[in-house]
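These are the structures in question, set out in turn.
Look for chain A in each of the two complexes below; its partner is chain B in the first and chain C in the second.
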Partner chain A sequence: MATSTTRWATPARRSGVTLQQEGVIAAAILGLTVVVSLANPDFFNTTNLLDIVVNTAYIAVAAAGMTMVIVSGNIDISVGSMLGVCATIAGELARNGAPVPLAFAVAVLAGSVMGAVNGILVAYARIPAIVVTLGMLSILRGGLILVTQGRWIESLPEAFFFSQRSTLGIPNPVWVMLIVVGLVWLFMKYHRWGRAIYAVGGNAEAARLAGINPQHVQFFVFVVNGVLVGLAAVLYASRFTAIQSNAGQGFELAVISGTVVGGVSILGGTGSVIGALLGSLLISQIGTAAIFLKVSPFWLQAVQGGLILLTVLIDVLRRRRFA
Partner chain B sequence: MAPPIIELREISKSFPGVQALDRVSFEVREGEVHALLGENGAGKSTLIKILTGAHQPDSGTILLRGQPITIPDTRHGLKLGIAAIYQELSLYPDLSVAENIFMGHQPSNRFGVVSWRQMQQRARAILHELDADDLDVSRPVRGLSVGNQQRVEIAKALSHDARILIMDEPTAALTQHDVDRLFEIVRRLRARGVAIIYITHRLEEVFLLADRVTVLRDGRVVGETMHVSQTNQAELVRMMVGRTLDTFFPKDAAEPGEVVLEARNLSYGRTTRNVSFVLRRGEIVGLAGLVGAGRSELAQVLFGITPAESGEIRVEGKPVRIRNPREAMALGIAYVPEDRKLQGLLLRMNVRENTTLAVLRQLLRYGFVDDAAEMRLTQEYVDRLQIRTPSQMQQVANLSGGNQQKVVLAKWLAAKPKVLILDEPTRGIDVGAKAEIHRLMNTLAQQGMAILMISSELPEVLGMSDRVLVMRQGTIVAEFDRAHATQEAVIAAAMGADALHTTPAASTTLT
Partner chain C sequence: MKLTSLNRSLALLVFASVVAAACAAPPPAAQQPAQQPAQQQEAAQQPAEQLPPGWKAGIPKNPPDRKGKKLVIRDVPKLIGIGYFAATTKGMEEAARELGNIDFKTDAPTEAKIEKQIEFIDNFITQGVDVILFAANDPVAIAPVLKKALDQGIIVVGYDADAQEDARQFFVNQATFEAIGQALIEDMVSQVGPDAEVAIVTSSLTAPNQNRWIEEMKKYAAAKYPNLKFVVTLPSEEDQQLAFKATQDIMKTYPNVKGVFGLSSVAFPGAADAVKQAGKCGQIAVVGLSTPNQMRPFVKEGCVKSVILWNPIDLGYAAVYAARAIADGELKPGATSLKAGRLGELKVNGSEILLGPPFIFNKDNIDNFDF
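Here is the complex of A and B:
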């Protein structure tokens, strides 16, 4: 190690800011658990706590994709509509007798196709992501209601309810969540393309000069996001006995909130999928806690909004120091 | 005699690490064109910014018609009748000519409602004074020729009733026809009593247009203000240079090897025109020229950022095509850009991630980055370049400028290039880090790397280079070997001062 006498000498930190943020969120989750459990001991109960995790699973899977999108300097607000479309496809196929694994696979494939469309428009047609995905949000939602005519999908085969089952005592959605988050974390940290996502979001010009093609990276990110939304849709669709035609409405807010609260910079370039997982958990937990504390759900929304503004404000202030 | 319309007395201004102006005194009279000359970084821009109110002097006084004043901001400067026209025009392309002229002070009634009729009438009147009646005031600025856009800028200044007009290299981007028209306008304004501060790199313009001339060098006025009739081009060049070469440039004479990179008649747009040169193993070639001469643009052609439209590049004798940075990298070319924050660094990522960005491909094991190999590689460059950082995990945003620059260098050296293009490698970094980077360049050249160095610091170019190429208006206009590269010769070539060209023997011919 060279002499460590810089003016800025600070302790070594892995990826700096995000680790801090992840620590803060983890502490908040623990703190909230303690406080709410003291106020209402029923909260501190294995079933309840596990429920929170299970209910967060499909959000966290999509948040992993959203992390990649936001780190690359983009956003995808069409994930709610995409989830609805994918869930409906899976349900319709299974109801009409297709093998369940095939139904799930087609749903994931559909997600990747929709992601690819977003990716082409953002990366190659160079339309801002917010515009592309806003358009996609409306088109998919409208199309879904036209096709289903607002009917619910019911009488699904027993094999379809993947999310209701457990493997080795742990609910399937939790397995999927852990595996996805783990893989995406490894990918973003140790894969060349994962690093490229940070590079493009942090400084597209420097990335280009280092031989990275920012357009390919952006396209890739949207496709992966589509795949993960497809997977989230499978988890979502197989939880309950019916799939509603408005499935996934407002889902994009939950996913983006979790990701941003977890420390993924909305300005691109930093953040980790672990943070996004913790952020999603925190927001779900606040929701459940509100019920146990008999707080109005409207307060809940205000708290969630406040949390988002606070995290982004901290991020912006940190950045200003570097300017 | 009436006091000068504006006078600076003993003005000093410093920025972190630089004394931009050191007790500069300067005055302009009504009805005078006063030329201001100086090399890149001599302090001209700072002087303008102090006059317009964009910067505040650390000490000294400004007198307007003999009265001491302060100019807290540019808005205030405009109110006092001080306006500037910069080299980069600052117009709103989608707004009309009239709107551009009156931006920020549109004729309006007391409720703030803009009178378009009045605005257009007054715009037409101002353009008429400039003999530019041919400009339609209601058309958008987008699509106007550069010369016409500049007339809009001048009209904008006049709409503020400017009595002091600062023109920063106004002819840099103009065609000859537009230059003639501009001179006509300047003479008209002078006849109306406007005081004009005219900054230029074209020495012949000084003698065509100016009444008096002042030369700045390293933030100081050289000698004193002179009437143009009392001086000549050769004297002005001598005044602009004449810096002493300090000895800390460690360049050892190297025995250049075989040709690594050869450019033949490279062209791109209007910025790179018919450029030919060779670069040999183990030599450092300095690329000198004024700001805007096309040096960085040439580097971008060589690195494939703006691929050559015509001409040929040969690497180790073989003709190659370089269409993007990736192809350039594959051929062993590396480019350390001018602006490390904008083009070089991922500020919020750590030293390790920045160092290995361009070579991750080589660190893969089973498709994933090998942590240990990445750490070893980074440590190698942290040690070799003496990057001062508490750890490899430090965000580069937290490092000093010199260490940031070393991280950018590490990134490119890790790619083991044969040809290293450095664009202003020591700009804005402290003296110690600068010397370290110079030493490193020296070592790299001795190990056989070919280095093309762009620098606006003449002493750096002369001290570090085995050969010096001089660019002007997008093309290479002169080449000097180390022995013949003097400040006067390089500056004269960069400015196109024909009378001063050195004897043909001193400049070796191009291949």
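Here is the complex of A and C:
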């Protein structure tokens, strides 16, 4: 393509720094695996390690979208409610006889529409993202309760359970996660629009002077986030025998903490989707590790929080030394 | 029944028992004289009734003699249009038919809103019905209108979700913590035997109902099945994914575990799903509390043998029998039992009628229920 030279840029030099941040998280994951496996050899077992990745897959897919949103200098706390709505749409359609691929496609489309609403309000109506998405969180959650009346969606067709199946020996959610993270990583690193997200999040005014329209970029980011939440919802919904009526409650916390632990600056402008993936994996792994180490359940959350803080602290110290 | 309303009614259950416990405790000696006149005054207003000491529930004022006469009963559940309260109504109609001479109707708002529920009750007071049955949307907010009904001589009986104790006469309590705890253990032992390792997936570690159930379970097991070993209790925070993950982790960390308890309507299906997807149906028993609708797929597949809860049809049935017995003067303060048709003799504890042991839903009967 003739335009490829202008659309796909050479990565900026500072992405070398983010790679180091990702390195710290990756080292933490490896270190934790070794320590826990020494204490309880059952931990180092393909089934267990794969379970951790599968349980993280839908979080990591949404975290890829959240990375773009946060890097652009925004936040989206409505992703949990959006996940619930998309999962319910997919389930209801499939239960009422719609072909499963169509049900999944409509769920993803619904995600993009909700993302677009968020995007319009944030980018063009210039309402702060935290306010817009807080409102969206309540509206969607309320609507969901109204529609489902607390009923779980059951009697789903066998074809619906996409996430319970494997392709070439690897569970489907893991494939989706790897493809999504790979594409978003390439996009954010090399594509003009991907670089524009960093520019807008780093300094919107400078980006504007450089010829980027920050509003379009922000709108775009929320739409892509909606699509990815829709995809995460498909992974979530097709994982279980029945779909919980209030699915996704608290999901935003898991996604945002995974993203931030992965080195994506909450102030915008820096971070990568690989970091977000590793951050989500680490948090999930810590939860399972604590159970394997037979830590009292009353300490689970504290241990999880403590290790997250420790990881971030190491990252901060490292950056200060090299700054 | 809605998931949320299940939790809410469970919360009310706890609330009711706390109130009952608080009331049952004797007042400190210093306070006793101060309370005396008030009690006397109350007694003066109720010359016909000899109230037993410690009776804190309400009494209708100057009720007409209803013994053997036709009763107009109106039932005001939290809401109508959901399977759970359709089932209680079914049981009430059954009882009304059996007893005869009863004009029975359920009428309530279509959403669980306390303001609307109060309106319905107010209308029935104006119409001068004999009996109001209720399942409260809010124990405190509903109290004034129920007291108004009592003041006009109407018999007021609660079921499913109680009001403040002094705002109604009797309450039909669908399940005590003790009975649920015992039923869970018995069901587990019947599947895994008395010498096994078991684990618990609860809702949250601070959930009052779940903690009471766990306490009763462990107490009962310690006395009757000392070799039943509880290896761990993990939270699921009302999140299906977390319950699923916790159960996966339990199966891997404690490979000898033979049974998992799922103690909420979210934890139970989540745990069952994890066992099913690990291909361990039949090897690891999953026992717990939930509604039939939530568990239907697992029960049909055979991965879950039984679901423990109460039977809402029986609950409604007992409430109408209680109303008739009050009208006939057979159920009054101080009574210790109630004859309730096909349910036999139900125990009465203070102002609470106990429905008895929990109901067990299984493959054969689960399709008779839709809630």
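As a convention for this text, the second predicted complex is superposed on the first by the 283 of 323 C-alpha atoms of A that agree within 3 Å, B and C clash if a C-alpha of one lies under 4 Å from a C-alpha of the other, contacts with A are read in each partner's own complex, and residues count from 1 in each chain.
The rule is short, and it goes like this: contacts are C-beta pairs under 8 Å (C-beta built on N, C-alpha and C of every residue); 3 or more make two chains touch, one makes a residue touch a chain.
Not measured: the values here are computed from a predicted model.
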Notebook entry, point to check: If you stack the two complexes on chain A, which partner ends up touching A:I130: first (chain B), second (chain C), both, or neither?
Noted result: neither
Under the stated touch criterion, which partner chain does A:L309 make contact with: chain B (first), chain C (second), both, or neither?
neither
On the A-aligned overlay, A:T47 touches which partner chain: chain B = first, chain C = second, or both, or neither?
second
Subject >> Touched partner set for A:I291, first chain B, second chain C, both or neither >> reply: second
Would you sort A:V147 into first (chain B), second (chain C), both or neither based on which partner it touches?
neither
Chain C contacts chain A in the complex at 1-5, 82, 205, 232-235, 237-241, 244-246, 248-250, 252-253, 255, 266, 269-270, 272-273, 276-277, 293-294, 296-298
In the complex, chain A touches chain B at residues 1-17, 186, 189-192, 195, 198-199, 202-203, 205-213, 265, 269-270, 319, 321-322
Residue positions on chain A within touch of chain C in the complex are 40, 42, 45, 47-48, 51, 55, 145, 149-152, 154-155, 164, 236, 239-242, 244-247, 249-250, 287-288, 291-292, 294, 297-298, 300
Within their complex, chain B touches chain A through residues 303, 305, 324-326, 329, 335, 337, 342-350, 353, 357-358, 360-361, 364, 367-369, 371, 382-383, 386-391, 393-395, 397-400, 403, 411
